[in-house]
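What follows is a set of structures to go through.
What follows is chain A paired twice: with chain B in the first complex and chain C in the second.
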Partner chain A sequence: MNLSQQIVNGLVLGSGYACIALGWTILLGVARLVNFAHGQLYMLSAFVTWYAMTRAGAPYWAAIVIAIVVLSLLGALMQLAMTRLVIEQNLTSLMIVTLGLGYVIQGGGALIFGGNPQTLSSVLARTKVDAGALWFTWQDVLVLAMTFVLYAAVWLFVNRTRFGSVIRAVAEDPRLAQLFGINAKLVYLGVFVFECAAVALAAALVAPRAPILTSMGFNEVIMTFVVVVLGGIGSIGGALLAGLGLGMFIAFFGAFVAPAYTTAAAFGMLLLLLVVRPVGLATK
Partner chain B sequence: MTAALACSHLTVSYDGNVALNGVSLSVGSGQMIGLVGANGAGKSTLVNAVAGWSRGRPAVSGSVTLDGADISALAAHARAQHGLLLVPEGKNIFAELTVDENLGLVRAPRDVAGRHVFSIADVFNLFPRLTERRTYKGGSLSGGERQMLAVGRALLAAPRVLILDEPSAGLAPRLILDLLERIRSLVDRGLPVLLVEQNVKAALKVVDHLYLLERGRIIAGGPTTVMKSDARIVEAYLGTLAVDRA
Partner chain C sequence: MTDSLPHRPLSMLRAVVVAALIGVAFFLPQLFGGSSVAYSTLTTIALFAVMCYGVDVVLSYLGEVSLGHTVFWAIGGYVAALMSVHLGVNGWVTALATIGLSVAAATFLGLVTLRTREFVFSLVTYAAAVVTHEIAFNWDAVGGSDGTVGIPALKLPLGFFTYVGGTQEELWPIAFALLLLTLFFVARFRRSRLGTTALMVHMNPALATSLGVDQRRVRLAVFVISAPITALAGWLYAYQRAYVGPDMFEAYFLVMMLTAVVLVGRRILLGPLLGTAVLIIQQNLLSLGGDWNKVILGFVLAAVLIFWPAGLMGLVDHMRQRWLRKTRTNGRENKRSYMEEVQ
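== the complex of A and B ==
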């Protein structure tokens, strides 16, 4: 058992969790909306990328763009269908509606792409980095770097630009924002499309690590939920920290205790943390 | 001359209960109009309906014109963009945004024809207190500072007409007249203002024209000089003032 390899594994896993959680963090934290179809959107993105590459012959980078466009359009449709619930901040109904949409996407995905595991192959995922005893791929490096770049970019956008202020204003009080001349519906649409585009990018980056299945969405939504709640709902820095922390925890738990119980252990950690520190990791 | 703002036969109901019943009024250019009445008379309902805005789900009928153009079909954010600026009662700024961020939300229109344009410097001149609070979050401001910020952001949007719903709520008595007089100075420069005010005494000192609203209807209205001695105003709202004067 190699300690530094577990740290590498933790970073690899954790940056993946954080990368996938980015869209939901913005959605939940900044616009105070929920989307329990997040994991199924991740699955769909991975399959759209896979389909574009294997069936349409697109190169990896083009396939990422295609996945982002497809998911953005789907996101816009979902948001338009849910506009009234969103403006009324009816979170309970939104939770149930998105959960239902998730199952529709999962069923639709299985019909279109079949039930067999597929491999989303990226050139980088096949190239191992030779660093002595440590084992990781260039894809892992790409995910880690992109995660930090994306989080930094989103943090700057939300906190340092006028559009960021507009989004935070709509999150705090959508009705009041209207009196400031802000079209709240349009802002919600933009944030939801961003959530879907972000999950598409994350899927195209992270999914090449393991075989993809149309049934994998639920596990992703669960892990994303842990990251977002751990991070302190809505905190961008908190979600990054929580993602990396969760990855580290799962790497070490899997290596030293039992890989079969990592999901349960992650929830155990979440419960414990919420008892000790109900606001999450963020120091707000 | 067309009124800067006019509404006619405005009727509002909540779940079938009529809160405002066929109200018509107008605000001329360079005029400050006061709207007074007891709690629940429908003052906020009226100005919210004019702005096409509500925190509830009202059913609204009647028409609203702004500088002669019918804006009845426009959503609240579009009416604000067209220069009808409402500063609502109660929560009217963003608590989690700083003063600068609150002001930065507003984008002045490209076409300023017919608009009363105020720069950020004008706002800070009018409310010097805000200058010291620029990096503070809205939630940490005092009641008076919040009102200044709320009015300031409305001015930055280059209003055609400004509607203020109880800007004096929660303010210390000496601050109320101070705020109203600053707003009066804007009116004297041409900005039409519709003011909803609980403090009738203070309102009478600054407005040109006063409407009295009761149970969803305008029951009296006229120039301030006339309304000052209107029996209904004196009895219900002025009491001691009238005695003092006598």
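== the complex of A and C ==
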């Protein structure tokens, strides 16, 4: 249990957290929307990928594409159902509605895919990188690389393109944005579809690490909430840093203190932070 | 809204009607045939309704979504289980300990979340539930992942004799009494200074501030008084099931609490009770299997807020107004045709 292995573990865990948190960060930070079905969408994406690979015989990359398409369609449906609440900015109702839809997805997932744990196996997840005593797989390298690429791309898109400023304008004041000829509903739809596509990609990349269960839902991605809040709600760079930092914390806490209480420790930290700094770390 | 919360003294007639309804409600299990299923279903409805009232107080009067009420629910269950199994104490002691511990937990959580709103509040309360779940799951002293089995029958010494709630039939009066107590408490809360101030903070924070209301104090107070309600439901649930384990933290209870509150409509005294009744009857008597029940419960929750944000009561109101408008226009048309005939 050497130090460098724990740093590698921290990077592996952290990039996974950051990767899963990306969709949420955008949804929350850019569009000021919440989605408590995030965990169940993650579960569904993992199972769609698994189904496409094992039952339809699709290669890994094609299964990822299928998952992204399926989840984008589902996201569009969800958003169309919630349009009125979104335009009204009724966050309380949106939280409850997405919680309910998540429960539907969980029940539906169990009906379609059964209650047994499955493994989403990718070739990369089974090939270990030969780096002396250090232990990690090519899948871990892929997740880390993809996370950095995705975060960079999203940051550029939001901050450096015209579309990015349109989205931010809608988030600031949907009615005012509409006065300027922006179709706010379409923008919200786009952001929500992106959230679902991002979670589909993240699930296809991260899920091969552990067995998948239709009941995993909320708790599987609970760390993303810590990432989003720690990173300063919606800050893209903040979320990436928070994800990696949290991964390090969990790796070291699990290795040297108590592996059974890592989630509790992460949330303990979050609670502490909220008392001291209710707006998160990244904001001034 | 305001006309549902006046300082109206209970008139004699109203008191008589309410007393009669309570009397009839108490004999509902016999009216439904007196079978064990009738008793257990109605006991469960009463119990779960009490659980939901805790969330109702926070959701309806503060407008916040607490995802941490499963913690209080579990506190009740675990206190009842551990104290009665290991210490052999009676129901009054475990109930008092439940109230004390849940108030302490809610005060802590309320202070931590004092400056958070909306989704951050929901997230932190949910985080609290996840942390408590993890501790309950891993800590063998409280039963660990196996939980605690063999909880003895609920004993409530009443001076000259001891009421024992061993069977569903014997637990029904206790669940019924707890429900009445809760309804009385929530009704009082709605008319109380705290209740009206909380609603003002929720509906018009600017007005509340201009009147010198300390919003944080109001929020904390409402959150704290909501906790023992849900906790006492968990307390009785432990005796009903004779088993307590980490499954008390399951999302099912959370979704159930929220659905029962929004189904009939927020800020309606009997709303959560009716909502719970509908949902439990579906799950116990018209069940389609666990996964389908999940789909139904989640769908009901989402659909109500999407299509009828004011709940079933809002729908009834809407229908009544449409009907009134229709009869009025019908009347006008009749009159017009009469006039035409006359001409």
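Going forward, the second predicted complex is superposed on the first by the 281 of 284 C-alpha atoms of A that agree within 3 Å, B and C clash if a C-alpha of one lies under 4 Å from a C-alpha of the other, contacts with A are read in each partner's own complex, and residues count from 1 in each chain.
Following the convention adopted for this analysis, contacts are C-beta pairs under 8 Å (C-beta built on N, C-alpha and C of every residue); 3 or more make two chains touch, one makes a residue touch a chain.
Predicted model, so just to flag it, every value in this text is computed and none were measured.
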item	value
Which superposed partner A:A62 touches (first chain B, second chain C, both, neither)	neither
Which superposed partner A:L271 touches (first chain B, second chain C, both, neither)	second
First, second, both or neither for A:L91, with chain B first and chain C second	second
Contacts of A:L134 with chain B and chain C, given as first, second, both or neither	neither
Winner by number of chain A residues touched, once chain B and chain C are compared	C
Which superposed partner A:L101 touches (first chain B, second chain C, both, neither)	second
First (chain B), second (chain C), both or neither touched by A:A76	neither
Which of chain B and chain C A:N183 touches, first, second, both or neither	first
First, second, both or neither for A:I7, with chain B first and chain C second	neither
Chain B - residues contacting chain A, complex	51, 53-55, 75-78, 80-81, 85-88, 91-97, 101-102, 104-107, 153, 157
Chain A - residues contacting chain B, complex	162, 165-166, 168-169, 172-173, 175-184
Residues of chain A touching chain C in the complex	28, 34, 36, 81-82, 84-85, 90-93, 95-108, 110-111, 217-219, 222, 225-226, 229, 233, 260-261, 263-264, 267-268, 270-271, 274-275, 278
List of chain C residues in touch with chain A within their complex	59, 63-65, 67, 111-113, 115-116, 118-120, 122-124, 126-128, 130-131, 134-135, 138, 251, 254-255, 258-259, 262, 290-302, 305-306, 309
